[in-house]
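Chain nomenclature is as follows: A, B, C and D, assigned in order of appearance, with residue numbering initiated at 1 for each chain independently.
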Amino acid sequence: MTEWILFIVLTAVAVGSALMMVLNRNPVHAALWLVLTFLAVAVFFLVLGAQFLFAAQIIIYTGAIMVLFLFVVMLLNLEREREPIVTGGQRAAAVALAFALLAVLVIAIAARTSFPTMAMVPGGITLTDLGVALFDEWLLPFELASILLLVAMIGAIALARRRT
Amino acid sequence: MSAIGNAIRQSLAILKGMGVTLRHILREPRVTIQYPEERPKQSFRYRGIHQLRLDENGKELCVGCNLCGLVCPSECIYVEGAETDAPEEARVSRYERYALVYVINAARCLYCGYCVEACPTDALAMTPQFELGEYQKRNCIYDKEDLVRNHRRWADQAGYGIEWCNPAKLEEWTGDAKPVGPPSHPAVEP
Amino acid sequence: MVPTIAYVIVSAVLFTIGVAGVLLRRNALIVFMSIELMLNAVNLSLAGFARQFGSATGQVFILFVLAVAAAEVAVGLAIILAVFRHRDTVDVDNMNLMKW
Amino acid sequence: MEYLIMTIKAVVVFAVVAGSMPFIVWAERKVMADAQARIGPNRVGPYGILQSFADALKLMFKEDVTPRQVDKPIYFLAPVLAMIPALTAFAVVPYGSPEVTVYGVPIFYVTDPKQVGVLWVFAVTTLSVYGVVLAGWASNNKWSLLGALRSAAQMISYEVALGLAILGVVLGSGSLSLIDIVEKQAVPRAFGIPGIWLFAQPVAFLLFFTASLAETNRTPFDLPEAESELVAGFHTEYSSFKFAMFFMAEYINVLTVSAVVATLFLGGWLGPGVGQFPLLGVVYFALKTAALIYLIMWLRATLPRFRYDQLMRFAWKVLLPLGLANVFITALWVGLRGGT
C-alpha cells in the first residue's frame, strides 16, 4: 500500500516535471524542473531497494551534472535570446511521433513481456552484492568506464580551452 | 622539491597566523568604549557644533561683520549686522556693532572651522559636541540663542578656536602641544 | 507491491517525454537535457529489473550509465560552449555545417 | 510506528539544531571580537547572549523588498533551498551512543541507513549549491550572478576533494554507516594511540575540513559573498526574512560540518567513561562539535579570503592530488592487511 502511494506520487512528480522541462521556455526553469525529475527518479531507486544508486543519482545527476548545466546556462546568458518556436507542421509531427513511440513501447511492454507472472526474488540487493558484481563480473567494463571518463575529461579541456 | 618546501612553509605560515590570533584572543586589552555610558574623549581641537562666546561681563563678542559667512565654503552662515548708540550697559554686544540675526545651518555645515579662523573678535568657536542627530531638519538650524547656549554649556571645555582663550585650562587641554596664537581676549567664565 | 511493469511503463513515459523534447526544442542545452532525461528513464527500468531478478547486474548497469552520462555532459557542454563562442547562438538549426 | 518514532526524533533534532543557531552566531561574534580586541555584543541579555534573537526580530519586521526585475518563483525558492540541505544532513549523524534506549528505542540518532550513511551527507552537501546559485541568478544582478558562478565552480571543484577525503575513512572503516564508522574508532591503535581517524587519516581530516569549509562558503573560501568586491554576492538583493534564512543556513551549515567532522574523524560520542555512562556520549559529541566550531571561527578571524584563481588552483592542484594519494595509500594498506 505504502509503495503504491509512493509510486503514484513519484510518477506524478517525475512525469509532471519532465513535461514542464520540455515545455518551459526559460532554460534555467527547464533545468530546475529536470532536477526535480532526477530527484523523483532517485526516490524511485530508493523504493526499488537500490539505496546506493539513490545516493549516486543525487550526487552525480543533481549535484554535478545539473549544476554544470546551470553554470553553462548562466555563463551563456541564454534567456536574452528567444528560442524560435518550432513551426506548426514540425511540431505536429514531433508530437505524433512521440505518441507513436509511447504506444509502441507500452504495447511492447504490456504484450510481449511476462514480468507480472514472474515471482519477485526476495531480499534486496545489498551494497556488498553490488560491489562484488562490479569488481568481479564487470571489472573490465568498470576499467573501460574509467578510461572513458579520462578521455572525456581530456576532450572537454581540449574543446573548451581558448585557442591562443 | 621546492613545491613541497613551499607547501610546508605556507602551512607553517597559517599556523603562525593562527598563533597570532590566539595571542590576541587571550591577552589583548579591549579597546571598545561603552559609548552611551562611557564617553569618548575628544581631541582638544575637535570641531563640533559652533558656539558664540561671551566676554567676562556676559556681553556678546560678535560684531556682525559676516566674515564667517563670506568665508564659509558651504554658505551655511547667515548674519545680519546692526549698530546701536545705546550705552554699554544696555547693549547686547561688547561693541556698538552687533549681530541682529546669526544663523548656522548645521545640516549644511561641513565643520571645516574656516569661520572660526576668520572671526576678527574670536567670537565664534567650536565645541566638542558631536551628537547632532535630529528628527526634524529644522532643528538643525541654530540661531544666536542656541549658539550662546552652546557657549554656556561648553565654555570650560576645549574646542576648535577656544583652546587659547582659557590659559588656566591650557595645560590640561593641550598636554605638550603649544597654542598656535596668543589669546586676544581674556578667559571667560560660563 | 507495485509490479515491475508499472515502473517500466513510467520509464517508457519519461523516455517518450525525452524524445519529444529532442524533437520539439531548438535550444541545444534543452535538447541535451532531454537526452539526460532519456538516460534516466532507462535507469529507472534497469532498477526495476534489478529488483525483479534480485541481481546486482541491473544496478551495475545504472552505474555505467551514470558514468557515461557524466562523460557525455562534460564533452557535450564543452562542444556547446565552443559552438556558442563561434556562432553566438545555441540554436540547433544554426549548427548545420560541420565547419565554422 | 517506526516512521512515527523517526519523525519525532527528526523534529527534536531539527528543533535543537535550529535552536542552537542563534547561539553559534553569538559565539562567532564574540570570538571575532576577542580576536580583534573588541568586546562584541553585550547589551541584550547577559553577555549579549540574546543578541541574535534581537537581530532575528529586527529582520522579521524589516520591509521585505522584492526588486522588480527578479525571477520571482526562483527568487522565493532559493532561500528555502539554502536551508533544507543544511538541516537534512543531520538525519544520519549519530549524536550519542546508540546503546541509550527509551522503551527499547535508541534515541541518539534519527536513522542509520547502513548502505547510504556517509553518502547521504555527501549528497546533501552537493545539493547546497542550488540555494546559492539560484539566488544569484534569480536576483538578476551582475554581482549576484558573479557570486553564483563562482559558487558553482567552487562547489563542484571542492566536492571532488570532499569525496576523496570521505573515501579514505570509508575504506578504513569498511562501512558507510556513520554509527559503524564511530564504533570502528573505539578500538585503540598500537602504542595506545586512540583509534579516532584523526590520527590514522590526518591527510583525509585536513582535506575534508578544508573542502567542507569551501562547500559551506566559510572564510577563507567565502568568495560567493565576498563583500569587498561583490557587494554581498549572491544575497545582495535579499532583505528581511529571506536574508535571515541565508544567514541561518550558513550557521546551521557550520554546525552540520562540525558535527560530521566530529563523527567521522574525532570519534563522535566516544570518550573516556562512555562505556559505563552511555549518556556521557552526548556531552562528548557536543564538546567535539563545539571545539570544531571554535576552530572554524578562529580560522575566520585569522585567514584572509582566497583570490579566485588561487582557490581553483588549490582545489585542483593541491587537494585533488593529495586526496588521490591518500586514497591510494589507504587502499594499499587495507589491501595488505587483508580487509578491514
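One rule holds in what follows: a residue touches a chain if its C-beta (ideal position, glycine included) is under 8 Å from a C-beta of that chain, and two chains touch if they have at least 3 such contacts.
Keep in mind the model is a prediction, meaning the values are calculated, not measured.
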Higher-contact pair (C-beta pairs counted), A-C versus A-D: A-C
Centre-of-Cα separation between chain B and chain A, whole angstrom: 72
Where chain C and chain D are represented by their mean Cα positions, the distance between them in whole Å: 33
Centroid distance [mean C-alpha coordinates] between chain C and chain A, Å: 6
Averaged-CA centre spacing for the pair chain D and chain A, given as whole angstrom: 29
Set of chain C residues in contact with two or more other chains: none
For chain B, residues that touch 2 or more chains besides their own: none
Residues within chain A bordering two or more other chains: 52, 56, 64, 68, 75
All touching chain pairs, where touch follows the definition stated at the start: A-C, A-D, B-D
Chain A contact footprint on chain C (complex, rising order): 1-10, 12-21, 23-27, 29-30, 32-34, 36-37, 40, 43-44, 47-48, 50-57, 59-60, 62-64, 66-75, 77-82, 84, 89-91, 93
Chain A - residues contacting chain C, complex: 3-4, 7, 11, 14-15, 18-19, 21-22, 27, 30-31, 34, 37-38, 41, 44-45, 48-50, 52-53, 56-57, 60-61, 64-65, 68-69, 72-73, 75-76, 78, 81, 83-84, 86, 91, 93-95, 97-99, 101-102, 105-106, 109-110, 113, 115-116, 118, 120-125, 129-130, 132-134, 137-138, 141-142, 145-146, 148-149, 151-153, 155-157, 159-160
Chain D - residues contacting chain B, complex: 31, 33-39, 298-299, 301-303, 318
Residues of chain B touching chain D in the complex: 7, 14, 17-18, 20-22, 24-25, 28-32, 34
Parts of chain A lying in touch with chain D, wherever the complex brings them together: 26, 28-29, 32, 35, 51-52, 54-56, 58-59, 62-64, 67-68, 70-71, 74-75, 126-127
